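Think of it as A, B, C and D in the order they're written, each chain with its own count starting at 1.
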Amino acid sequence: MNVTFFIQVLINGIAIGSVYALMAVGYSLVYSIMSFSNFAHGGVIMLGAYIGYYSGALFGLPIWAAILAAMLGCGLIAITIERAAYNPLRKRNAPPLYYIISAMGTSILLENLIVATIGPNFKTYPPLFTERSIEIGKIAIGKLDLLMLVISAVSLFLLVFLIDKTKIGMAIRATAYNLRASSLMGVNPDTVIFIVFGLGGAMAGVAGVLFGMRYVVYPQIGIITNKAFVGAVFGGLGSLPGAIIGSVLLGIIEVMASAYWSSNLQNLIAFVLLIFVLIVRPSGIMGVSTEDKA
Amino acid sequence: MNLSWYYISGILIFAGINLMAVQGLSLLTGFTGLFSFGHAGFMSIGAYTAAIVTSWLGAPFYVSLLSAGLFAGLISLIIGRLTLKLKGDYFVIATLGFGESVRLLFAFLESIGGARGFTIATSAHHTSLFDVVLVNAIGLIVMVNLIHSKHGRNLKAIREEELASRVIGIDVFKYKMSSFFISAFYAGVAGGLFAHYLLFIQPAMFQLIKSTELTIMVIFGGLGSITGSVIGAILLTALPEMLRFLNVWRFVIYGILVILIMILRPKGLMGGQELRLISWTRRLISKRKGGQA
Amino acid sequence: MKRLLTLLLVFLMVFSLVGCGEKPAAGPKGNTAGDTIKIGWIGSLTGDQAVWGTCESNTLQMLVDEANAAGGWKGKQLELVPLDYRGIAEESLTAARRLTTQDNVIAIIGPNTSGGSIALTPAVETSGVPAISTVGTNPLVTVTEDGAVKPFNFRVCFIDPYQGAVAAGYAYDVLGLRKAAVLYDQSIDYSKGLTEFFEKQFVHMGGEIVAKEAFNAGDTEFKTQLTKIKEADPQILFLPYFFKEVALTANQAEDIGLNVVMMGGDGWPSEQLMKMAKDSLQGDYFVNHLDYKDPAVADFNKQYMDAFGIAPELNGYLAYDAFLVLKAAVEKAENINSVEIAKALETVEVQGITGFIRMDAATHNPVGKDAAILKIEGDEYVFQQKYSIVPVE
Amino acid sequence: MSQLELKNVTKKFGGLTAVGNVDLSVRKGSIHGLIGPNGAGKTTIFNLITHIYEPTEGEIFFEGKPIHQLPTHLISRAGITRTFQNIRLFKDLTTYENILTACHFNAQYNYLDAIARTKRYRVGEEVLRNNCELLIDILKLNDQRDILAKNLPYGYQRRLEIARAVALLPKMLLLDEPAAGMNPDETIQLLEIIKQIQNQFDLTVLIIEHHMDLIMNLCDRIMVLNFGRVLAEGTPQEIQNHPHVVEAYLGEGGH
């Protein structure tokens, strides 16, 4: 196997990794504030893919408008889920693991709601390009992959910028540091949670549309987020750069394992590696380990 | 409508199989405070072990159940050794990774049928309702006795306050390992019952959704309540069947119910309370006796 | 301790007493139709198989309505009892227990997975009700591991070995290709089965498998596998799985510049396939049961389109044939009794929509069903020829 | 001879020295006070003794044996236990269950005994329950026995935590601000209880406290910490008159 092959595989890995990253940042944002794994995130991504599909198919919106519509729609949906399924638990100071169950109920609900209303059929976005790939020497790159990479990079950059450089971002980081203390600093945790779910939902919207555009839309696509979840853990739960780096790394590792070892073991390797990473670095690559405080 | 006992007993057998796994998970989650999304993995290990033991070695059914539990337990010791030091969600995720790995591994192993599945020898015992009830009854007695001992109390202490438990001399890691082992043992036995009920198993039967369903049963019934686990397992196994009249909407309702229980009764149906069936019946009996006298 | 023991004893006594009633009498009596003939169906209405399941249930409801309008079978009206099993094998057993004893159906059509079709065997054997699998292609659906036929399990589809062998034979013989690559879904038995027998046949005939790559159900990215396949430079790429993944594979092959003849099985044909990947699939072949130009097929397609606003999937055709097979058996049986119907099914012969079906009493598989080879040209599936082969053992 | 001995113990968090080069020696049967302003490193010392933190440098000996490498649960098995500044009870268990759990050392039976309810189990449980009753009597928690720990009034929560610690029948008890948040009446009661259990169970006590009356009344010796370093050590009289202490700590106007 030669250099062209390696580069081709690497590009594939980064392309997959960027999808995982878009999904993983939503997890990570919520985790950083609420300290629980939001398993309903996959459901929101799925809804994003549907919103994008219908804004294109029914209203004839161009792709950028479909993405905006999905961001808006998913942001609202994520906020609604927070209000309905998590907020009552927060008011009662329930332990994080109760949230997980509530999230799972939500995820079951969303998937089946779509099956019951829209139906189980696959939906396809209209093709964007007639010529599917550009060739550079012997390497072929899918235009969709490229577009996806660009959109992912832009949205991830905007998100990181928002968190790092703006006042809202600072409030979010303060809240992530300590939910209760932040209220002493004049930050209203309710507002922050509201914003975080909105942002996470918006990112889910982008991820959903890109996923739907590149692949296909059906009620069970939420399951792919399990991988994004692994990516977020790789990077360290609650760390935004960690989620991005971890996801891209996972994408690359997966394709490399498949390219140089065996494609039979691709998924197995991802999960075994997950356990391995946790054993070696119990808080992921970028995660902060915490010592018990007495 | 005329209900068929054959149908209902079929549901009850599954409820019993789930209950066996849920009992173990209840110890882990409700009494030790550890969440696992990998117990379908232990169930599948038990199922394959039991199936192989009866089909290839011709061992009796109950021997196969025991080996299913022990083998699942053995694996849990290895996994526990590696992951029980992880905190909170990281442990949950590690178990999720374990469950998925096991499933993918079974699908990969052609010698035991791979993805196409494993068929149990037709001469093997077929799990009956009686078996399920017997195994669960034994399981319950063991579990209740365990919980009402100092070992059970130590587990509860770990659930409540890990640091304080260490300070009063509880070897937290060792107790977590025991709890993980016992829960894996129960899941393994459940897998054995499952395999011999269907007489055919395939890796696809042990997906992540199975693990989460088991955990939902524990929490639905109420953490820290064995009675709750019994109710949770039976009710939630039967619920999808009872909701059949809703057609495609039945799992929408199922999802809503799960959320509602979390919101309205965050401690689950029983929430740490045990239904004192025995004292209740005794009171009833003594009252009746009093009435006759 | 004592209290618990007492509780246990009471518990056990109650249950073992009731449990005794469960043992079946020697030789099941089966269900006999009352005023109406009840037909059970098990399939996915939810879960990731719901696309196929919904099509089956729609088709059957349409056929039942049609039959009722025409006076029913033997003068009795039909009633379809459809049960969802979410694509989860063990739920098909519970559903079968209900259909056979509570709903008293005279036969079950479905389910659409091999796993589900194998899992319900204990229930149909206890109750003596035949089950006709639509697309359960694993040989073990109708025979045990020792090769003995299961008395109450039937199917109307090909079994895995046949399609795989046909594809290999056609590629080698007719297309004259010698170097093949395979990409398959290692988590579903259909794909594994086809792969196994394609490989066997192709190598047996003198061809070479230059690459064999795998993925898992739920995966959507195949470029790495395809890049590896491209490196191996095959003449034909065999894709034995369902249209959703086939479309993604074909598009991604295009993305990385892998231009090679592709071939697949009956999981391919669907309106969705053409919608998703028509351009990437031009000139590729698949093995199928039927010729879409056949008037019977075209009629059904139109009827289905009119009723549901969407084209039927392959499962619809097979559910259609399962219904025809059942109808023939009911007519042949002296009484509308499930055990007698099962007996009649063993020798039934019908002209189905997917070909001529003659049930083999020794295997409960349809025999003599020719495979059709179709080619994708423009918007059409163009019928090439009927092709049959004796698979290597 | 000293029962507990800290030799040159240092704990650093990142670049920050929480405790630096502390030497401490606690005599058997004494009540030893540990005072100092907030953040002086008092609780850190408790955490180092009970090995919740790993010492960066230095050694800790208990009854002549090194314990700084033992895990927390073995340190309590060796005879040292503690309470927490921010109260860590088993919140969803009752008073009775909290104490009963902590009694677990006093009966030895294994899982199989428990499952089969052997004689060993029954005898063991009997012992545990008797111990538990005794402690409830001594700490006057009779009226609270069936109340969940989280529902107890604050003062009782503190008292229960002490009861839970004593249930281990330790040789040394570390009390971290036991009187925090108590009113003067409760503080006096607490003083009595500490004295009583120290007598009855033959305990060595190491106590962190801000209530100066309590400390001065109770302690045989006192160590004063400031910024992680030992400022002074001596009898209550010596400490009260120590110029550095008066300046750095008592002068602060304190508590």
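Assume a residue touches a chain if its C-beta (ideal position, glycine included) is under 8 Å from a C-beta of that chain, and two chains touch if they have at least 3 such contacts.
Owing to the predicted nature of the structure, the values given are computational and were not obtained by experimental measurement.
Colleague: Based on which chains touch which, give the shortest step count from chain C to chain D.
Modeller: Contact-graph shortest path, chain C to chain D, evaluates to 2.
Colleague: Of all chains present, which has the mean Cα position farthest from that of chain B?
Modeller: Ranked by distance of C-alpha centres from chain B, the top chain is D.
Colleague: State, to the nearest whole Å, the distance from the C-alpha centre of chain A to the C-alpha centre of chain C.
Modeller: About 36 Å, centre to centre.
Colleague: How many Å are there between the centre of chain A and the centre of chain D, using C-alpha atoms for each centre?
Modeller: The separation of the two C-alpha centroids amounts to 47 Å.
Colleague: Let me have the rounded angstrom distance from the C-alpha centre of chain B over to the C-alpha centre of chain C, please.
Modeller: 33
Colleague: In chain A, what residues contact two or more other chains?
Modeller: 112, 115-116, 264, 267, 292, 294, in rising order.
Colleague: Two-or-more-chain contact residues of chain C, please, as numbers and ranges.
Modeller: 45-46, 186, 216
Colleague: Can you tell me which residues of chain D touch two or more of the remaining chains?
Modeller: Residues 52, 84, 117.
Colleague: Mind pulling up the chain B residues that touch chain D in the complex?
Modeller: 142, 145-146, 148-154, 156-157, 160-161, 163-164, 166-172, 178, 224, 272
Colleague: Hey, which residues of chain C end up touching chain A in the complex?
Modeller: 44-48, 50-51, 53-54, 186, 213-216, 218-221, 223-225, 227-228, 231, 244, 247-248, 251-252, 254-257, 272, 275-276, 279-280, 310
Colleague: Okay, in this complex, where on chain A does chain B touch?
Modeller: 31, 35-37, 84-85, 88-89, 92, 94, 96-98, 100-102, 104-113, 115-116, 226, 229-230, 233, 237, 264-265, 267-268, 271-272, 274-275, 278-279, 282-283, 290, 292, 294
Colleague: Which part of chain C faces chain B closely enough to touch in the complex?
Modeller: 3-4, 6-8, 11-12, 15-16, 18-19, 21-22, 45-46, 83-84, 86, 88-91, 93-94, 97-98, 100-102, 114-115, 118-119, 121-123, 126-127, 138, 140, 144-146, 186-189, 192-193, 216
Colleague: Taking the touch rule as given, give the residues of chain B at its contact with chain A in the complex, in rising order.
Modeller: Residues in contact with chain A: 35, 82-83, 85-90, 92-94, 96-98, 100-101, 104-105, 108, 162-163, 208, 212, 215-216, 219, 248-252, 254-259, 262-263, 266.
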